Amino acid sequence: MFRKILIANRGEIAVRILRACRELGIRSVAVFSDVDRASLHVRLADEAYPIGPAPSRESYLRIDKLMDVARRAGCDAVHPGYGFLAENPALPRACTDSGVTFIGPPAEAMEALGSKTAGRQLARRADVPTVPGAFDPIEKPEEAESLAQVLGYPVLLKAIAGGGGKGMRLVANAAEFASAWRDAGSEALNAFGDARLYLEKYLLRPRHIEIQILADNHGRVVSLGERECSVQRRHQKLVEEAPSPVVTPGLRAQMGEAAVRLARAGGYVNAGTVEFLVDANLDFYFLEVNTRLQVEHPVTEQVTGLDLVKLQIAIAAGHRLPFAWESITPRGHAMEVRLYAEDPENNFFPSPGRILSRRMPTGPGIRIDEGVYEGWTVPNDYDPLLGKLIAWGNSREETIARLRRALEEFAVTGIKTNAALFRRILAETDFLHGEIHTRWLDELLRVPAAASRNGYPGAAKAAVIAAALWQGNQGGAASGAPQAEESEPSRWKIEGRRRQLDRDP
Amino acid sequence: MKYEIQIAGKPCTVELERDAARWSISLDGSPADVDAVELSPGVFSILLDGLSYEVRVSPEPDGTLRILSGLEEFTAEVVDPRSWRRRRHGALEAEGRQAVAAPMPGKVVRLLVQAGDRVEAGQGILVIEAMKMQNEIRSPKSGVVEGLLAREGQAVNAGEVLAWVD
Amino acid sequence: MFRKILIANRGEIAVRILRACRELGIRSVAVFSDVDRASLHVRLADEAYPIGPAPSRESYLRIDKLMDVARRAGCDAVHPGYGFLAENPALPRACTDSGVTFIGPPAEAMEALGSKTAGRQLARRADVPTVPGAFDPIEKPEEAESLAQVLGYPVLLKAIAGGGGKGMRLVANAAEFASAWRDAGSEALNAFGDARLYLEKYLLRPRHIEIQILADNHGRVVSLGERECSVQRRHQKLVEEAPSPVVTPGLRAQMGEAAVRLARAGGYVNAGTVEFLVDANLDFYFLEVNTRLQVEHPVTEQVTGLDLVKLQIAIAAGHRLPFAWESITPRGHAMEVRLYAEDPENNFFPSPGRILSRRMPTGPGIRIDEGVYEGWTVPNDYDPLLGKLIAWGNSREETIARLRRALEEFAVTGIKTNAALFRRILAETDFLHGEIHTRWLDELLRVPAAASRNGYPGAAKAAVIAAALWQGNQGGAASGAPQAEESEPSRWKIEGRRRQLDRDP
Amino acid sequence: MKYEIQIAGKPCTVELERDAARWSISLDGSPADVDAVELSPGVFSILLDGLSYEVRVSPEPDGTLRILSGLEEFTAEVVDPRSWRRRRHGALEAEGRQAVAAPMPGKVVRLLVQAGDRVEAGQGILVIEAMKMQNEIRSPKSGVVEGLLAREGQAVNAGEVLAWVD
C-alpha cells in the first residue's frame, strides 16, 4: 500500500480524499494556491505546500509544480480528484515519468474513452447505442452550424475536454447558434485550456442516468449500479440519487453490462462513470465516459456501503476486486444536493465572500462532504461548489424527508447559496413522483417560486425585531440584545413567559 | 429607542426599551410577547408567542439588511436618526436612471453593447466571468445605455456600477 | 398520526426527537429551563416554552408544568427521551389523565419491568437467567452488608430507580461498604429522587450486551439484535457497538428470544432494551430492562437502517410492525462514542463552560447526534453528555478507522472533553481484538496513557509559536498573526515557501 | 517582540519580527520555516517545514495557556515584560503551601476532613457535586489541612480555593 499520497486538488474533494488516506493510514499531502492557504483541505492534511497564485492555470493546473511537490515531499502516489487535471492524460504520463503512481485510469484509456468523440466511436464498436451527432471536434462554426441544420434543432454544443456543464450550450434554433458557439468555446478555453467543441442531437426530455464502474489491473470490471442525475440547471447536475426511480433490475443489468463492455473495450482501470440518456421508452443512449471520480459518488457509496476513494487507492496499489461485487444490489435510497455559492434570487450569479455564520445539519441519515467552514472566505477563482449534502433512508420518501429536514436546518450568511432552490425542488409533485428529465428544472425555473409554502406566520415579525436588535447593537454591544451567556432571566422575559402560559399559542 | 423598518416593502415600527438589564419590545405600538437572545453576532433566537425562530441578520453592500428568518428571506431597511441621511440618499438614487451593477466580483470578459445603444429590458449588456462561469448581465429596463463604465478584461467588485440605462 | 409532540427533555436527545418529528411532518414543542434558553433544542424546535429554574427538580422533572405546556400548546403526544422522567410511571399516567398519548410503554409495563428487582422476578418466571442477588430494595445498610457477605465480594450496589451508572457502586470488600452505600444512596436521591438501593453478585470480567426490542399494540414483539456496551468507566457506558464481536447468529437468536419472552411477560409496548451480562463461556444473565430509548440507539439504527424514534412514534400512534423485521440481520458495523464535558487528565471532573471554538468531523460513515454548538455555554446543572459520534463501516476495522479519523478531526476549546480517551481506547490492542469486558476500561485507566503515539513531531514547536502569536494578539489585533482573510502572501512566507521547495521535508 | 515560553516544563524563546505586513518567526534564535495564519480567534493554522498543524490556544483560570496542537495537548506559560509580575507571583505561590481548588463549578455536598487533620497525598478532602456526579476532591500532598474554606452546601466556582494543605 502507498505511504504518502499527493492530493492534486482543492475544496471538498481534496478533503474527501485525505479522509480516505487517513482511514487507510496513508499520509496526505495537500497543495494550495495563495488564496487557499486557509482552506479546509490545508487544515486537515498531514502536509501542505504552496503551488502559486490564485488562477488555476498558474497553480492547480501546473503539472510541473505538482510533480515537484510530489518528489520533494516523497509521495508515492497522486490522486487528481475531479476537475482540474483529473481527465488530462498528461498527468498520468508525468506521474509515470516521475515514478509515482497515478490513482486513476492509464493515459491511453483516458484518450480512448475520455474525449467524447473518441468515446462514441468506441461505443459504436462495442455495440453501445449512442446519440446521433458529430464524432470529431469541429473547427469552423460554419461546419458546425450546417451539421446542426442536418440533425435539426435543438442541438447541444459540448467541449471536447468538457465536464460539469462547462463549455456546454443548448442551441434551440439557428439564431442562437453564433453566440452559443462563442460562449461555449471561451468557457471551455478558460476551464480546460482547450476551446474545441463538438455537437450532437438533443433528445427531448431525456433522463440522465449513469453507471458507476470499477476495474482492477487484473481484468475484472464491475458495475456498482446507477445514479440518476436528471435534475440539472443548464446541464449542471444539482440533485443526484440512487437507485433511479425508473430503473428496474433488468434495465440495471442491461446498462451495467453495456458500461462494463465499453470499459473493457477501452482498457479501462480504476473508478469511472458511463453516462447515458434514457428516453421515455427506457431506451438508453451512451452519452460520455467520465474517466475519474464523480462529484456525486457519495450516493453510490451510501447505497452500496462501499468507499469508492479507498477502492480507487486499493486498485491503484494493485489489489484485486472481490468477485462478490459483481452482484451488488442497492440498499435503501440515497440522494445528494450540491450546495453552491450562488444566488438563485439573482439569476444564479456566483456569490463568493466570507462565511459570516452558518448552521450545518447533522443527525440520522445525513452525510456532509464539504470544503468550507465558518469564517472562511470563499474565493472568486474556482468552482462555487461549497459542499454536498447527502441523505440516506429506507425509501425514496424517507430520504427526501431527511434531506428536506437537513435543508431546513442549513443556514448561512455572508454568502448566498442555492439551498432554498432545493427546498423548492423537494416540494415539487413531479419530483416527488420521480417524473424528472434533464430539462425539468430549467422549465420549473421559468415559473417564479410560490411564496413561502412553509407556513412560518411570524417570520416577518421576527425578522423586524431582529433587525431592530441588530441596529441597536451597532451602537455598541452594551445597547444590544441580551447575550446568550447572561444567565438570570429579565423581568420582561418572565412577564412574557407568564403571558405565554396564560393563553393558547 | 424607536426604529422605522421597511421590510418586504411594508413599513413597521419597533420600539426597544431598557427594562432592567434587558429590552422590552413593542411592534407598531403594541407590546409583543417576545423572548429574544443573540446567540452570536447577527444570529438571534426569537420566541414569538411561543414559536421559535432563528433569525440571521447581515448587511448588504447597498446598506440594506439581508435577513434569514426561519426559512423565509427578507430584505429590510432600518431608518433611525443616525442612518437617516444614508438611507434617503439610497432611496433617491433608485428613482433616477437605473444602474447596472456587478452582482458579484469577477472579470468583465465581453461587452455586448456600446454607449448610446438602445436596449430592451433583460437584454444583455456585458458578460462577467466569476468562479469559472460566464454570466450575462442584463439591462434592468428598456432605454438607452448612457454611461458604459466597464472595459473588457477589467476586474470588478460586487456592487460596482458597470453602466447606466435611462 | 400525531399533529404536535411535546419533547419532555433537553440536549442531544431532544434534538434527535424533534428531527424525527420534522421528518414525519409533526410539529415539535420544546421545553427549557432558564439556563437552556439558548440551547440547540430550543433553536431547532417549532415551538419552545419555559418551565422554570435550572435545577431539574424545578423544571424538567415537573410533570405538572409539562402537562400544562402540552395542554396550552395543543400537543397530542409526549416523548420523554431518556433520563429525567422517561422511566417514571407517573408521566404516562399524567398523560392519560390529560388525554395525550405517551410515546413509550404503559405505566404497568414500566413497573413490571423497569424496577430492577421487579424485572428480575419477572425474568425468573419467564425462564430468563439472572445474576444472583437481592430481589427487593434493602432499607438498612446492615442487612445489605450481611447479604454481601453471603454472596461474597465483589458486589454491586444499584439504585432501584437507577440508570446510566448513577447511584451505582462496586464494592470490592467489606471495608469499602459503608462509604459506597452512602455515596450511591445520595447520588440516587439526587438523580432520581429515590435513594433506595439493592445489590447483586458482581460477575468477573463480564461483557455488557443488550438486545433492542420493539413491541406494537397488536401483540407483535421483535428483536433488532444486540449492542455491545462493555467499554464502561465506573458503570457508565462510553463506547457502544453493533454487532458484538463475540455474538454468533445462534447466540443472537437465543438472546433475542429471551428478550422478547421477557417483554411479552411484562406486557411491554414500544421500544425497549433488555440488558444482559455475558460471561467467558458466552452464557448470558439478565441484568435489567430499560423501558425507554437508549442513548446508544444510533448504533442499532446504523446497522439495521431503521429509525427507532420514528418507529416509537408510529407504534404510539397504533401502527403495526411489519413481519419482516423479525428477520433483521445487521449490515456492516457501527460504533458510537459518547463525548462528555469532562477532563480525563483530571480524574474526569465535569468541565462545564462556554465552547470557545470547535471543529466537528463530517464525511463518509460519520453521524453526529449532538445538543451543543460553538459559542454556547454548557450548563453545570445537567448530565455532561455533549453529543455522540457514530461511525459506520463495512467491517469493524473500517468502522474503527473512521471513528479514529473523526476523533482526529474533532477539536474543542473552552471546555475539556474525553475525546483523547477515545483516541487512546481505539488504539488499544485488546479493544481492536474485541477483548473487552465491563471492567476493562477501569483497569486500563490505572495505567497512565503512553505519550503521543500519534507521531506529530513538530506539535510542541507549533504550540510554542501559536502561544507567542496569541500573546502578540493580546496587545491588539494589529500586532497579531496574519488573519486568514488577508490575501497577498508576505515576503517571509514566500521565503519560507522557497526554502520548503528547495529541500526534502 | 521576544517571548519566553515555558512549555511542558521546558523553556523556549520565540521571536516575532515585523516583516512587511506579517511576522517572521525564529525559535530559540534560529529562523523557523513557518507559515502561520489565524483562522479565528485563538485558532491558528501553522505550516512548519511543510507539516500542517492546527493549533488552538485558550487561557486557563490560573493564567496558563491550554494549547491543542494537532492531537497533542500542552500547558504553556508565556513570560513577556508586560505579564512578568503576574507569572512570577503565580510561580511563588506554587512553591508555598498547596491550595486545594475546585476543578469545576459545583456544590460542596460533604466535607471529609476537618481543619488541622493530617492527610495523605490523594486522600479525599471533600466531595463536590457537578453535572449530577459526585466527585471526591483529593489532597495534592501529604500534610496538615490548614485552612478549610469550603462549607457543606456551598456553591463554588472553578478555580476557587477550598482548602490549604501544608
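Going by the order they are written in, the chains are A, B, C and D; count residues from 1 in each one.
The definition used in the following text is that a residue touches a chain if its C-beta (ideal position, glycine included) is under 8 Å from a C-beta of that chain, and two chains touch if they have at least 3 such contacts.
On a predicted model such as this, the values are computed, not experimentally measured, just so you know.
Peer 1: Which chain pair shares more contacting C-beta pairs: A-D, or A-B?
Peer 2: A-B
Peer 1: Whole-Å distance, subunit A centre to subunit C centre, using C-alpha means?
Peer 2: So the centroids are 36 Å from each other.
Peer 1: Quick one: subunit B and subunit C, Cα centre-to-centre, how many Å?
Peer 2: That gives a centre separation of 46 Å.
Peer 1: Report the inter-chain centroid distance for subunit A and subunit B in whole angstrom, where each centroid is the mean of the CA atoms.
Peer 2: 30
Peer 1: Where in subunit D do residues touch at least two different other chains?
Peer 2: 35, 37, 39-40, 45, 47, 50-51, 54
Peer 1: Touching two or more other chains, which residues of subunit C qualify?
Peer 2: 37-38, 44, 47, 49-50, 73, 359, 373-376, 408, 484, 497, 500, 505
Peer 1: Select the category (line, ring, star, complete, other) that matches the graph of chains linked by touching.
Peer 2: Topology of touching chains reads as other, fitting no named class.
Peer 1: Which chain pairs here would you call touching?
Peer 2: A-B, A-C, A-D, B-C, C-D
Peer 1: Per the contact definition, I'd like the list of subunit C residues that touch subunit B in the complex.
Peer 2: Residues 30, 37-38, 42-50, 73, 373-376 of subunit C touch subunit B in their complex.
Peer 1: Spell out the part of subunit D that touches subunit C in their complex, as residue ranges.
Peer 2: Touch list, subunit D to subunit C: 1, 3, 5, 7-8, 12, 14, 16, 19-25, 27, 32-51, 53-58, 65-74, 76, 78, 80, 82, 103-106, 109, 127, 129-135, 138, 158.
Peer 1: Residue numbers of subunit A touching subunit C in their complex, please.
Peer 2: Subunit A residues touching subunit C: 15-16, 19-20, 22-25, 34-35, 37-38, 44, 47, 49-50, 68-69, 72-74, 298, 301, 305-307, 331-332, 354, 359-360, 362-370, 373-377, 394, 398, 401-402, 404-405, 408-409, 484-485, 487-489, 497, 500-501, 503-505.
Peer 1: Enumerate the contact residues on subunit A facing subunit B in the complex.
Peer 2: Touch list, subunit A to subunit B: 166, 183, 186-187, 190-191, 341-343, 345-347, 349-353, 356-357, 359, 380-384, 408, 411, 413-414, 420, 423, 452, 454, 456-473, 475, 479-484, 486, 490-493, 495-497, 499-500, 505.
Peer 1: What residues of subunit B sit close enough to touch subunit C in their complex?
Peer 2: Subunit B residues touching subunit C: 35, 37, 39-40, 45, 47, 50-52, 54.
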